[in-house]
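Here come two complexes built around chain A, the first alongside chain B, the second alongside chain C.
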Partner chain A sequence: MAFILKDEDKNFVLEELKRYESKYSAIIPSLFRIQKKEGWISAEAVSVLSEVMGLPEAHINEVLQFYTMFNKEPVGKLHVQVCTNVSCAMNGGRELAKKICQKYQVKEGAVSQDGMITVTRVECLGACDKAPMMQVNDKYWEDLTQESAIQILEDLKQKVVG
Partner chain B sequence: MLKCNINGVDLEVPEGTKLIEAFLKAEQKIAHYCWHPGLSVAGVCRLCMCEIEGNPRLQIACNTEVQEGMVASNQSEKVKETVRWGMDFHLINHPLDCPICDQAGECGLQEQYMEYGQYTPSMAHAKVKKRKVVSLGSKVVLDSERCILCSRCVRFTDEVTKTHELGIFNRGDKSEIGTFHDKPLENKYAVNTVDICPVGALTSKEFRFKQRVWYLKDEKTVCPGCSTGCSVKVYHNQEGLFRVKPEYDAEVNEHWMCDEGRGVFDWVNRQNRQSYSVNAENMEKPSSSELKLILTAQQTVEEYESLFEYLKSSNKKVEVYYWKNNPDKFDDFDNLLIRGDKNPNTKGLLETAVKHDITLNPFSGFDGFESFEGDIWFILPENKAVYPLYEQYVEKALKLENNLTIFAVPKVKVDKTKKNISILPLKTYFEKDGHFLNFNGLKRQLKPGPLQVSSALALNEWVSFVKSDDFGDQVDLLSKRKSEGFRKKNEMTQTGGGL
Partner chain C sequence: MSKAIESKLLTEYYDDPHYMSFEGYTKRKGYEVLKKAFKMKPEEIVAEVKASGLRGRGGAGFPTGVKWGFLPKNDKKRFLLCNADEGEPGTFKDRMMMEKAPHQLIEGMIISAYAVNAHKSYIYIRGEYTDCLRIVKEAIDEAYAKGLLGKNILGSGFDHDMDVYSGAGAYICGEETGMISSLEGLKGQPKLKPPFPAIQGYLKFPTIVNNVETLAAVIPIIEKGADFYKSLGTEKSTGTKLFSVSGDVVQPGNYEVELGTPLMDLIELCGGLKPGRSLKAVIPGGSSAPVLTADECVDATMDYENLSAKGSMLGSGAVIVIDDSHSMVDLLTVIMHFYHHESCGQCTPCREGTGWLEKLVKGILKGSGRVEDLDLILRVANNMKGRTICALSDAAALPALSFVEKFRLEFEQHIRTQSPVRERETTSHA
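Right after this comes the complex of A and B.
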């Protein structure tokens, strides 16, 4: 599937370029824009971006590969990021991640067969006082139990399908 | 100028000098992987630590400018301890596979390890596995595990070639250098990244596993690949020539050279050479009073000098033809090093011709030669690869009925029953003395390395033979000249181990 940068996104990138002293500063907002539309950032997207921005592919790739919040592989409609850093791990974060994987029969980092869910473990998301927690797409869900987490995901799934 | 003291040595350096340059100027040992004189400062390897008087903390010498009266040293236990630990950090994920690494013997990390290695590693965790033997195009191979992330190669593609292919991807202990999506690294200067790589992470496909570097000697000379005339080092041993690397030359190539120039050594090896003379006795016979001579801009100034002097003094009717390989591309330049004129001494030829009042007629095949009955001297270019019409002209020359003398570096296949043709083997740039004038007239001296073909002579030496009365005896002597001992492949590994 070839990647096509829509005109509105292209204009967004061109506008971002004007905002900063250095072109390099516009890389992160541009990557986020693509991720928001596509769910992930493909190598083709980097090539297209490189052309639009007039920056070398390798330099954009350096930024893309450095930050974990950019998805370098396709993700499901619900991207579930379960924190497994100290506080969450002590309160069952790892087990929670395992449970969700089991429930939706998906390996960590992969997309479930229905294309709905991707589970990844992440480091601290800064909500230690509400451990364990997870982030689904842009939203935090805190003070979870295994049951409540599954319930939340089921509800979200319904919303996406419905 | 600023006065400073480095490890007890007093010296003066210009303003803006980095401390590491002062260390090197004072001939003091200082480890450095990421710093390279031809690139910007990165300050990432943290090994050029030094102690500056009045400064409580150690500083990296590569990113500290010398100040008036600065007293710095890297001899104290404190510095050594820090460097030892820095070294250990570099080795956390380095595989230490020196025995199978092509860089062994000229590796910065290896040298440093001999001095500062902990020998018993204090790392409890397993090493992070990274990619090995990644092909980066036709010239370079990457081994990510060996990389210490000094970023020299990345800075090279950013700052020197400005092609920006390389980058450091991922982060933390998973950081790796690479090209975007493993695209081939095909710029015309790619192998320089191999030269500046302080470890064995980037190796050259051409040279990989051909020779251990400690079995090679090097000879400083001039690259004959084009009219830029980069200063280079040619690495050789008794099996022949193996590689060419750039040598620092502030006026010409600084630290770099092009990849094309690195291939300009294969025709020096004896298996590709005209290694004996054919019908040399022809040169003794009283020959015609007319002579046509075809030459290229690939000989040294000394050779042209003696040739033109001979022509002027010989009372023959002489016409000199100048064979230009690609005149329409002569002025091409890629704004870095590569020039379209693929001859090392065009300037030298033209200047010497003017000096001796020799007219150079353009050579464009043997079309006007049918009615000519006199002698012909044909001096073949040594780098025949840059002469597209080489084969065609040689073939035509061999059909001539004139008394023809061919001076050749590459092998010339000739029917030995044709008594009118004599072939005399020439020396290459690697074997002869003399100098080239590069595109802007800079004189660059060649240094004679070991002879690859024992019966070969430089053009000026042949001319002095022709002038003497006993040409035949000389050639006889020449054929008896001892060549360098031929060695079998890998002989060292068979016999060198005898303790």
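Right after this comes the complex of A and C.
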């Protein structure tokens, strides 16, 4: 399916282009906007963005590739990011990531068969006093146990399914 | 046993849930110090901050007033940039400050901007902190609505605009020139210094980059004076500091204490170690800071000089407490993976070195290491120090050196027994 930038998103990009001292500064916010709608950023999206922004595709790609928060491939409806840095590792973060992968039969970074879940290990998210923790899409979930994390994901799944 | 007393200079009202709102903040004397500041000359504020001895709270510990003094002495355009890209593993204080007291940051920034004559500022917040981004943006909008931002603030004749900018996931953007690159819409790669940002920063304009906690600390300094601020802390490490304590303590969290507080008192303040455990090591200033052994912790005090004399550093104030249930080989592997993942790839010693360090330590952990690898780790790490554009390379080398040098026996024993350390069973918080 071809990527189409909706009018409201195009207007957002045009506003961001005026917001900062440099047009280039609008790239990161614009990529975030697309990702929020699409879940990830495709080559087509970059191409359309390049045209709207009047900036080289190569440059947008360079920014896209550099930052880890941009999904360069589709992710599940629930993007589960488990912190496995020091304080979380000391409190079972790595085992938690494994457990979630097992439960949803998905390899790290891949999308589960039902399109629902992607699990990634991430670096410190600044919630070390409440380790282990995970970020699901935008939201932090802290002080987890394997059981509580699975319960949270089950509830979120229900919400997504509606 | 002595007990550290919290010294809540910045966090005094953090328990008040209304403090995050404009009304709640002004009820607690919020924006009053700004009025006082506007009655002072900008250079008087710079002088006061210089005299207070305040040092950058983000990690480098550079004297704030001195940094401000590097700006060119003219009226040309310059920027103030708040570093809220908190990413040093173990650090979670700036997140709390933004969530609990966004107006405190804004007030500190307006005072600082007035002092350095900057009419535009940005708060660069790490992208994962979506709550902070929303809360701070709403607070900025509120401040505009109340006439605290924009033209002729409170009739002072001073104009200032403020905006937030979201990072997108890159530890390196916490380095000030990397942050400037990122704000410019580029890859967040650091730039060679000099020129320092105060001379040539954001879009080549003079730019002051200060951490969230540093900017907030300007408020009590202007309110109560440099002499009062200096009366807290030690002679060279003045004032208070927020410490993010995590790992094996009963009550992890953020604690504001005077600089110079004994490390063991700080641990005591966090409820001490978990029952039945003994202290093995402490990383006193974020994962870049060289680790301290339990013996070194005994007389360690939380200030720049003491930790530096011990070959470590205060860094961002992230204290990771490690008890005897953890393997140092395992933890170093986690840390080395992090720096390898976050190297921006510009400089060869860092790009290659971080990869080698991870590979070597991981090999040891998995049981394929040799005793000679320990010396190889030291050699690689020593070759990474001081040879790159920014400090990330050193930040990777220092933990590698300190873990291997101070816990060599444990590494050797691990290699000899060749039995991979099993990842610890998950602790239940039930």
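Worth pointing out:
Operating definition for what follows: the second predicted complex is superposed on the first by the 162 of 162 C-alpha atoms of A that agree within 3 Å, B and C clash if a C-alpha of one lies under 4 Å from a C-alpha of the other, contacts with A are read in each partner's own complex, and residues count from 1 in each chain.
In the analysis below, contacts are C-beta pairs under 8 Å (C-beta built on N, C-alpha and C of every residue); 3 or more make two chains touch, one makes a residue touch a chain.
Worth saying up front: this structure is predicted, and the values here are computed from it rather than measured.
After overlaying the two complexes on the shared chain, residue contacts for A:46 are found with chain B alone; chain C is out of touch. Using the contact criterion defined above for the overlaid structures, shared-chain residue A:56 touches chain B, although it does not reach chain C. Touched residues of chain A, counted separately for chain B and chain C, are more numerous for C. Once the two complexes are laid over each other on the shared chain, residue contacts for A:19 go to chain C alone; chain B is not touched.
Applying the stated contact rule after C-alpha superposition, one finds that A:66 touches each of chain B and chain C. In the three-chain superposition model, chain A touches both chain B and chain C at residues 62, 66. Within the complex, the chain A residues that touch chain C are 19-29, 31-32, 62-63, 66-70, 84-87, 89-92, 94-96, 99, 123-132, 135, 138-140, 143-147. On chain C, the positions that touch chain A within their shared complex are 86-92, 94-95, 120, 126-131, 163, 165-171, 182-188, 202-203, 244-248, 252-254, 283, 287, 318, 320, 322, 326, 330-331, 334-335, 338, 341-342, 344, 423-430. On the chain B side of its complex with chain A, the touching residues are 157, 164-171, 179-181, 183.
Across the complex, chain A meets chain B through its residues 43, 46-47, 56-62, 65-66.
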